[in-house]
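In what comes next, chain A is part of two complexes: it sits with chain B in the first one and with chain C in the second one.
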Partner chain A sequence: MGAAGSKLEKALGDQFPEGERYFGLENFGNTCYCNSVLQALYFCVPFREQLLEYYSSNKSFADAEENLLTCLADLFTQITSQKKKTGVIAPKRFVQRLKKQNEIFRSYMHQDAHEFLNYLLNELVDILEKESRAAKSDPESCSSSEQIPNGIKTSHMNGHVREPLITWVHKNFQGILTNETRCLRCETVTARDETFLDLSLDIEQNTSITSCLKNFSSTETLNAEDKFFCDKCCSLQEAQKRMKIKKPPQILVIHLKRFKYIEQLGRYKKLSYRVVFPLELKLSNTVEDTDAEYSLFAVVVHVGSGPNHGHYVSLVKSHNHWLFFDDENVEMIDESAVQTFFGSAQEYSSNTDHGYILFYERVDVGNTS
Partner chain B sequence: MISASNPNSMMSSSSTTGNNNAAGSGQQAPGLKTYFKTPEGRYKLKYEKSHPAGLLHYAHGKSVTQVTLAHLKDKPVHALSSSSSSIGISSGVKSAAAKFLGGGNGSRALSFVGGNGGSKSSSGTTKVGSLSSSYTNSYTPNSNFDGKGTYLIFNVGDAIFISDLNSQDKDPIKSINFSTSNPISHAFDPDAKDGHDLLIGLNSGDVYSVSLRQQLQDGGKKLVGAQHYNKDGCVNNTRCTSISWVPNGDGTFIVAHADGNMYVYEKNKDGSGDPSFPVIKDQNQFSVSHARYSKNPIARWHICQGSINSIAFSSDGAYIAIVGRDGYLRVFDFKTEQLICGGKSYYGALLCCTWSMDGKYILTGGEDDLVQVWSMEERKIVAWGEGHSSWVSGVAFDSYWSAPNSDGTSENVVYRFGSVGQDTQVLLWDLEMEELVVPMRRAPGGSPTMSTGSQSAHWDHAWPPGTLRPAPSMRDVPKLSPLVVHRVHTDPLSGLIFTQESVLTVCREGHIKIWARPTSSTEPNSDSSLSATTLKEKPRLGYRQ
Partner chain C sequence: MPKLPFTKEKLPSQSVHPQTNTSNFKDQRISLLILLRIDLDFGNSAMHRVGSAGNTSNSVRARKEKRLTYVLTDADDTKVQHCAGVNSLALRKSSAPDNCSYLFTGSRDGRLKRWEVSENSATCSATFESHVDWVNDAVLVGENTLVSCSSDTTVKTWDCFSDGTCTGTFRQHTDYVTCLASAERNGNIVASGGLGGEVFIWDLEGALAPLTKSNEGDDDCSNGINGSFPVTSLRTISSSNSISSHTNQPQGYVPVVAKGHKESVYALAMNDSGTLLVSGGTEKAVRVWDSRTGSKTMKLRGHTDNVRALLLDSTGRFCLSGSSDSMIRLWDLGQQRCVHSYAVHMDSVWALASTPSFSHVYSGGRDLSLYLTDLATRESILLCTREHPIQKLALHDDGIWVATTDSSVHRWPIEDQNPQQVFQRGGSFLAGNLSFSRARASLEGSTPVPVYREPTLTVEGIPGIVQHEILNNRRHVLTKDNGGSVKLWEITKGVVIQDYGKVSFEKKKEELFEMVSIPAWFTVDSRLGSLSVHLDTPQCFSAEMYAIDLNITEKAEDDKINLARETLKGLLAHWLAKKKVKYGSQPLANGEVTSVRDRDISVITEGSQGGQWRRKITELDGVEDEEFPWWVLDCVLHNRLPPRENTKCSFYLQPYEGSALQILTQGKLSAPRILRIHKVVNYVVEKMVVEKPLDSLINDAGGQLPLPFVGDGSFKSMGLKPWQKLKPSVEILCNNQVLNPEMSLATVRTYIWKKTEDLPLHTHTQGRYIYIYILS
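Our next item is the complex of A and B:
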C-alpha cells in the first residue's frame, strides 16, 4: 500500500497538518454514497470533535449496545488513531450496521447520498435523545416521552413550548425556518417555525446557489386551489407565503435537487445544470440582524448521467488544502478545481461530475452564542 | 476546415445575416431573441463571431474566452518586412480584412478584463463624423493591406483568434496556435510607439508582446516576431490571469498572476535575466519589490493571498484597480505604489472590474451575483446592482452613451453601464447618483433601537485612507435595478465591450455576438452626427485635475 498515500504526503510535504489523517474508505460494492458523506462529516471538524468527545465520555452506554452512533464514532476514532498519515480504511462495521438497520441501504443498488446523510443525522439525533432520556429516567421518568420525532417540530409563535432536547447534532446542523403566511384579506401574518438539518433547493440552469436560495425564500402567492385557511377569517383565503431563515445553522448543508421526477417520463431524471457555488456565502434572508457568513468545506459530488447509477466522490477542505476523496483514493487538488464540479451549461455534455451536497461552516463566530 | 480561404464564405454569411444567424457551432437556441429593448430603442443582433467548428481541443473548456478590441490605425508599416510568399498565402485574408474599412472608428481599444488602453481615445474618435460603417459596404479588393481596421482578439482553447469586427464573416481571419499552453489574457495598446501593441498571457505564466499588424500579415499559424517574457514561467509559473498596458506608460505593462502577484514590465528592456525577488514572508501583506538590475520584470507587487482575477487602469493611468479571490477591490496609486482605498465584496471572490471614463467610479462583479459601484470620491460602495442570477463575469461603462435629453449643463450625470454573468444574460443599468437612496434602516422585530451589527455600525463612518473596508451589510447599500435583462447566449458569459456602434457580448466557449445600437430609422444620416455630439458631451476628465 502507500503508493497513493505517500504521493499525497509528498504533495503536502512539510505542510502536512499536525495530527491530521487523510484516509480513503474502501468500497463494499456501491457504498460510495456512504463513503463520500462520511468523508464530508469527518472533515466537519466540530462534528467530528463532538462525536469523539461524546463517545469517550459516554463509553458506558456505548458498550451496552452497538448502534450507528457507536459505529460512526469507532470509525472516526480508527482514522484519527492511525499511525500512518495516509492510507485506506474499511468502514466495515459501519456499513454492516447501516444495512442491518435500514433495508433501503441493504441492496447493492445505487443509493442517494442525501438520503443517507439525512437518515444518518436523524438516526444520531434519535440515539442521543434516547440515551439522554435513559439517563434522566432514573430520577423522574414520565414527561420526556413526548419527544419530538426526527428533529422536526412545530412550535407556536408566542407561548413557550417546553424546550426540546438540543443535542450536539442539533447544535451543529439545525437551523430554524420561519414560514410566514400573510392573509390577503385580513393582513394577519401567521408565522410557523420549522427546524431543518439541511436545505433542499430547486435548481435552474446557469444559476448560482445565491439565486437558488433567493428563490427558496421568495414570496409565493397561494390562490385558486391552493388557498390558505386563515384562522382569523375562518375561511380559505388568498395569501402570500415566504420562507425566512430564523436561525441560521452552524453547519449549513445545501442539497441540490438534481434528481427530479419528470411526469411525462414517469421516472426520475438527473439535472446536470450548471449551478455555481461560491467558497464563501452569506445568508441575507435571515430574521437576524446580521448576515450569517459561511465558508465552504466539503462537497459531495455525483458522477454520472442518470439517477440510478453513477458514483459519488467528495471534495474536502482541510487546513486550507482541498482534497479529493474517491473511495480508497485521496488526492490533493487545487482550490480552482472545485469549479469543475459546477455542472454543465449545455444539456448534453461529457462533464457528468456535479456538486450535489454542499457543506458550509459558519465563520462569524462572534455573532453566535 | 479553414473558411477564411473559402470564397463562398462571404456570400453565405451575408445571406443569413438578414434574419437569424443560425450558427453552426453555437446554435441559436430556441428562446434566444435577436434583439432587446431599451428606452432609447432596440439593440439588434448584427452578426456573430466565432471560431471554426470542430476546433475543440482537448484543453477546451479549461480556459475561458476573453475578447480584446483592437483598433489598428492607418499608418505606414514599412518598417515591418514581410516576405512575398507570405503575402501570396494570405491574400484571401487581406481582402477580407480590408472589406469594411473605416467602420469601427472611434472604438476604443479596451481589454475586456482591464478596460485599459482607452487613454487616448480622442485620437480614434476624430474621424467619427466622416464615416459610418453601415454605409461603407463597398468591397475594395485592391486596397493596400496595411492592417487598418478594428479587430477582435479572442482566445479559445490553445489558440488566439483574430476576427475583423466590421466584416460579416463569422469565422476569424487568423488563428495563432500555442502548443505549450493556453492563452488566457490579452491586451492591446492603440498608441504603441514601436510595432509591439498586443500582449498575450498564457496559462503557464509566459507572456508575449507582438505586433498585431505583423500577425495579420503573416500567413502561418504561429506567433511571429514575438518578444517572450517570463519564459517557461521562470519568474512566476502560475496562470496569467489579467494583463494590461499602462495608459500613457510608454510601453510599460502589468501582468497579474493566479498566486496574488503582479509584475511590471517594460517592453524595451531585456527579459532574460533572473530578477530574483525576495521571498514573500506574509501572503496577506501587500509589498512591492524592485528588480536590482534594469531587467524585466522591473517590479513585483504582491497584492493578496489567492488569485488576482482582474486589473484595470483608470484612463489616465494614475490608478490601478485590482480584484481577486479574496473578494477585495484594491485601488493603488500606480506611481507612488500606495494603496489608496478599497473594500470587500458582499461575499466571495470578485471576478472583474472597470473604471468610468472620468475616473469617478469603479464597477466590480463577482461571486455574490452583485454588480458593485465603488465611488472614488466617497471611497466606498455606493450601490449594488441586483439582477443577475449567477456570478457576474464582466462589467463595462458605456462611454458612448449619454442621457437622451442631457444638454451637457445638467448637474445630474447619468452613467450607463452593462454587465454580463454566468447566468447567460446581459444587463444594462443607469446609474443616477441623485436617485440613489440609502435604504431605511429598519429595525428587525419591531425594536426601534439602532442595534445594527458591528460591521454596519461603523461602515458608514469615514474610513482612514489606505485601508480596506469590510463587507457592508445587505441593508446598508442602496440597490440598483437593471434597465434591461436579456439572455444572449446559451453558455455562461465572460465579458462585454461597448463600441461606438454596438455592444459585444462573449460567452466562455468563444462565441461573440455583436448587438447594433438603436438607430433612428427616420433620419438615415443622423447616426454619425448624433454619435459625434454624444462624444463631445461626454465628460472626459482625468481623475486628477
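Our next item is the complex of A and C:
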C-alpha cells in the first residue's frame, strides 16, 4: 500500500495539492459500495468542509452518543489529519456503525451504492434535525410539547408533521421538483412541489444525461381510466403531467437506473447501456428561464455484468486532477479516461465498468440563492 | 311493558370493576362508571369507498350494483335556463316570414335548449334532457335533426323542433365524445370525435332508418311502453315516453371508423359536401380524412400544443386551426402546408368562426377575448373581452353568439356585410406569425381596447355550483356557485334551506360544524353545475335517524327512519302515484310522507338494458319498473332493505371509579348507534330505581331527584314528561368528558372515544372500550 501511495505522489510530483490527502479505504468484505460513495462525498468539498465545521463547533459530540454523523466526521477528520499525503485508512468504526444500525447492510452480500448513499444522507438529515430540535426545546421545559392536547402542529411524538428544517445537508444536496398538472379541458395548471436529494433517471441505449433529464421532465397524459379530477371543471378530465426542477440543488446527484427488474426473467438485470455524462452539464428543465450549470466532480462506477455481484470504484476530480479510487488503491487517470465509463453500445461487451452515480457541483455561482 | 332503549346481551365478562359499597351515598357526587365496548371498527371504510375522490362519472365498471343519482337544482328556472357553462352553439336561421331564428345551446348541465331568437329577445322553447354528463358539442343536420355529444360517451339525435324528443342514442364511443362535425350540403352525415382517438362518421339515414316507421303510433306517451316492447330497434319517441327505447344501439348499423388517431380528438370540421373531414387534438397535428371511407389523406404539423378548434371552407381547400399554443393557422390542403400563422391571442384558442367567404376569422379562447382577423392582410382587432373563457362561437347575421364557461350566452354585434369596416374604428394591429407572447408584446406595450363594451343580447343562465361540502349530519350540503353565493341544501328533501348570499364558504363551513357522526350514505358531485347525489346499495341504507329529529310528527318519536328509504320514497312519490293510478293497485301500505318536493329534480340511473338514462321525477310515468335498479324497487315497493352492516353498538355501563353506586348491570349492552346519551341516562335512572330502595336514593341525593324523573325511564308507556323537560341529574362520562345528552353513541365513538385510542389499557383487547362515568 505504501507503494501505491508513493506512486501517486510521484505521478503528481510538485503538483500535489497543498493540504489535500488521497487515501484508499480498506475493504471489509464487499464494502466497496460504501468506500466508493465515501470517497465521492469526501471530495465533495463543500460537504466535507461543512461536516468538519459542524463537528468541531459542536463540542458536545464528545459525550454524545455515537451515530453515523459522528462516525463519518471522525473518518473525514482522520483522513485530513494524516501526516502522510497518501496511504490507506480502515473505515472500521463507520462500517460497524452502519451495519449495527441497518440490517440491510449487515450481510456480506453485494450492496447497492445508491441505496447506501440515500440511506446515509437521510440518516444525516435525521440526526441533524433531532439535534436541532433538542437544542431548541432545551431552554424550555421538555414537557411543553406534551401539554398541548392533540397538538397538530407540534406533534413531535408522532414525527409526522415536522417543521421543515433546512440543514447544511439540505443546503448542499436538496433541490425542489415541481409536479405540474394541466387539465386539457380548461387548461388550468396545478403545481405541487416535492424535495429531492438525488434524481433517479431511467436510461436508454445510446443516450446522454441531457436526454435522460428531458425524458424525466417529459409529459405524461392522465387519460382513459386514469383521468384527473379538475377542481375547476368539477369533473374528471384528461390532463398532462410533468416534472420540472424548481430549485436546482448545489450538488446534483444523478442516479442512473442501471438495475432494472425484468418481468420475464423474474429478476433484476444490469443495463450496460451507453449513457454519455458530460463533464459540464446544463439543466434546462428548470422552472426559471435560466439554465443551471454544473461541473462533474465524482462518479461512482459499477464494475461487473450483474446486479448481485461486481465491484464499485469511484472517479474523483480533485484540484483539476482525476483520480481513480478502488478500495485501497488510488491512481491518477487522464480526464479523457472518464468517457470509458459511459457504458457500451453493444449488449455484450468486455467493458463492464459503467458510471452509476454522478456527482455534479453547481458552477454558476451568481445564480445561487 | 316499558320500552327499553336497549337490550341486554349475554356478557363476556362478569366483573371488571372493584366491589363498591352500596350504602355509601354520603358523597355529593355519586358516580357510575360505564364501560362501553364498540364491536365495530371506526369509520366504516366500506362507506367511503364509492364515489370518493370525485370519481363519480365513470366508475360504472367498478360498481357491483347500479347506482341511482338524483340531480338537484335550486330553481324551477332550469326549464328556461342553463345552470352550467355552455359548450356548444348551433344556429338555424329563419327561412319563413316569421323571421324567427333558433339558437341551440348545449351545456355542461347535461341539457340542450332551443331558443327562439328575435331582434332583442331570446326565449327558451324546448329543453332536450337525456344526457347524463356534459354536452360537449351539438350540430344541426338536415331539416330538423339536432345531434349532440357528451362526456357520457354517447351521441344523441333529437327532433330539433319537437318538445325535446330524443330520436336516437349511439353508443359507439368508449370515452368522452368531445366534438362533432356536419356538412352544410349533406343532411345525412355527422362525424363524432372523442378522447382516446375515436372518430366515427355516421350516416344518419342508415343509423336511424329502420325506426322511422315504427314510431308513428307512439306519440301518445301514456300508452307508449309497457315493459315488453322490443328494444332491439331504435325509434322516435316523445321525451316523456319510455326510457329504454333510446338506450340501445341501432343494430346492424356500423359507422365508418376514421382509424389511426393516436391520441384524443378535441376538434373536427367537415366540408360542405361531407367528403372531407379534418380532426385535431393532443397529437398537435391536424389530420385530414376521406369521410366516405375513413382513410387518412394527410397529417399537417405545425402547432406545438393541443388543437382545439377547426374550420374548413366550403370547398375543402382551406382549413383554419386554433390551438392551445395560442396560434391560429391557415392550411392549404391542396399544397399540404401551412400558409399563414396568426399570433392574435394571449392564450389558448378554443373557438373559431369564419365569414362565408373565408376571408375573415373570429376567434375566442382562454384569454377571454374575441378577435376578428383578416386572413389576407393579417390585420386583427379585439372585439370584446369578458370574464369567462370563450368556448364556442356562432355567426348570426349582424351578430355573433359567444358561449363561455359561464351559463349565460351573449350576442355581440358584427359588421355582417363588410367585416373590413370594423378595422376603420381603429385599434387594429398586424398579427405576428410567431408564438404570441413575444411577437405582440414587442408590437405594443399595452393591451388593446375592445371595440364593443356590451353585448346586444344576453341569454341569462343560473350560476352553477362550483364547490360543495357534505356536512357531518349527512343531510346538509353546503355549496358555492359561480356567482359566489353560498347555500345550504337539505338533500333528503332536495331543497335549499338557507341562502347565505356571498359569504366565505370556508368560514360558513366552520360555523356549521356539528359534532355528530352519521355514516356516509351518499356521495355528491357538482360537475353538472347542480348537486348530483349518488346512492349506492347497500351503504346508502346505513344511516338512520329518529322520527322526532326529522320532524316527522305522525310517527312515534323514537321510530327509526332510514334516510335513504325516506329519500327514495320521496323521490319516486310521483312515479308511485302514477303507478297506482295505472295499475289500480296500492303499491305502498303506509302513507309515507313525501319528503322530496316536486321540484326540478332529475334521476339518473342505469336501465335493465344497459345505458344510463336521465329524467325529471315529475315526468316519470309509472311504468319504468325495469329501468330502476332492483334495490330501489325493493325499497320503495316492498319496503325491503338489503342486509346491512350492524347498525348497533355494544357497550358496558359501569359506575364511576370509586363511586358508591351499585353496578347497574354487568352484561354487555347493545343499542342502535344513533341512540342518544339521554336515553342511556334514562336507562340508568330507571335501573337505579328498580334495583335500589327509592328513598335511599332520594335521601342521599339530597332530595334533588324529583319523583317524575324516576318514572322517566319508561316515559313512553306512562305518558310522563319527556326527558328534555327535566334537569338531568345523572351524567355520563367517557374519557373523562361529560357527554352531552344529545350526542349519539356513534358520535361518542367518533369524537370522544377516538382520543382514548392511545391508552395502553385499550390496546390489548380486540374490542375497544369507552369509559363512561355517571355522576348524579
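In this section, the second predicted complex is superposed on the first by the 337 of 369 C-alpha atoms of A that agree within 3 Å, B and C clash if a C-alpha of one lies under 4 Å from a C-alpha of the other, contacts with A are read in each partner's own complex, and residues count from 1 in each chain.
FYI, a residue touches a chain if its C-beta (ideal position, glycine included) is under 8 Å from a C-beta of that chain, and two chains touch if they have at least 3 such contacts.
Keep in mind it's a predicted model, so treat the numbers as computed, not measured.
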Message = A:65 in the overlay: touching chain B, chain C, both, or neither? Say first, second, both or neither.
response = neither
Request  = Name the contact category of A:224: first (chain B only), second (chain C only), both, or neither.
outcome  = second
Task = Specify the partner with more touching residues on chain A, choosing between chain B and chain C.
result = B
Task = Once the structures are superposed on A, label A:274 by its partner contacts, choosing first (chain B), second (chain C), both or neither.
result = first
Request  = For A:235, decide between first (touching chain B), second (touching chain C), both and neither.
outcome  = second
Task = Have a look at where A:208 lands relative to chain B and chain C in the superposition and call it first, second, both or neither.
result = first
Task = Look at A:103 in the shared chain and tell me whether it touches chain B only, chain C only, both, or neither; answer first, second, both or neither.
result = neither
Request  = Would you tell me the residues on chain A in contact with chain B in one complex that are also in contact with chain C in the other?
outcome  = none
Query = Along chain A, where are the residues that touch chain C in the complex?
reply = 150, 184, 186-187, 221, 223-225, 227, 229, 233-236, 238, 240
Message = Quick check on the complex: what are the chain C residues that touch chain A?
response = 53-55, 57-58, 133-134, 151, 175, 195-196, 263-264, 266, 282, 306, 324, 347-348, 366, 389, 405, 465-466, 525-527, 529, 755
Query = Can you name the residues of chain A that touch chain B in the complex?
reply = 204, 206-208, 210-211, 214, 274, 276, 278-282, 284, 287-291, 293, 335-336, 345-346, 351, 366-367
Request  = Give every residue of chain B touching chain A within the complex, in rising order.
outcome  = 61, 258, 306-307, 327, 346-349, 367-369, 388-391, 422-424, 444-445, 451-456, 473-474, 490-492, 508
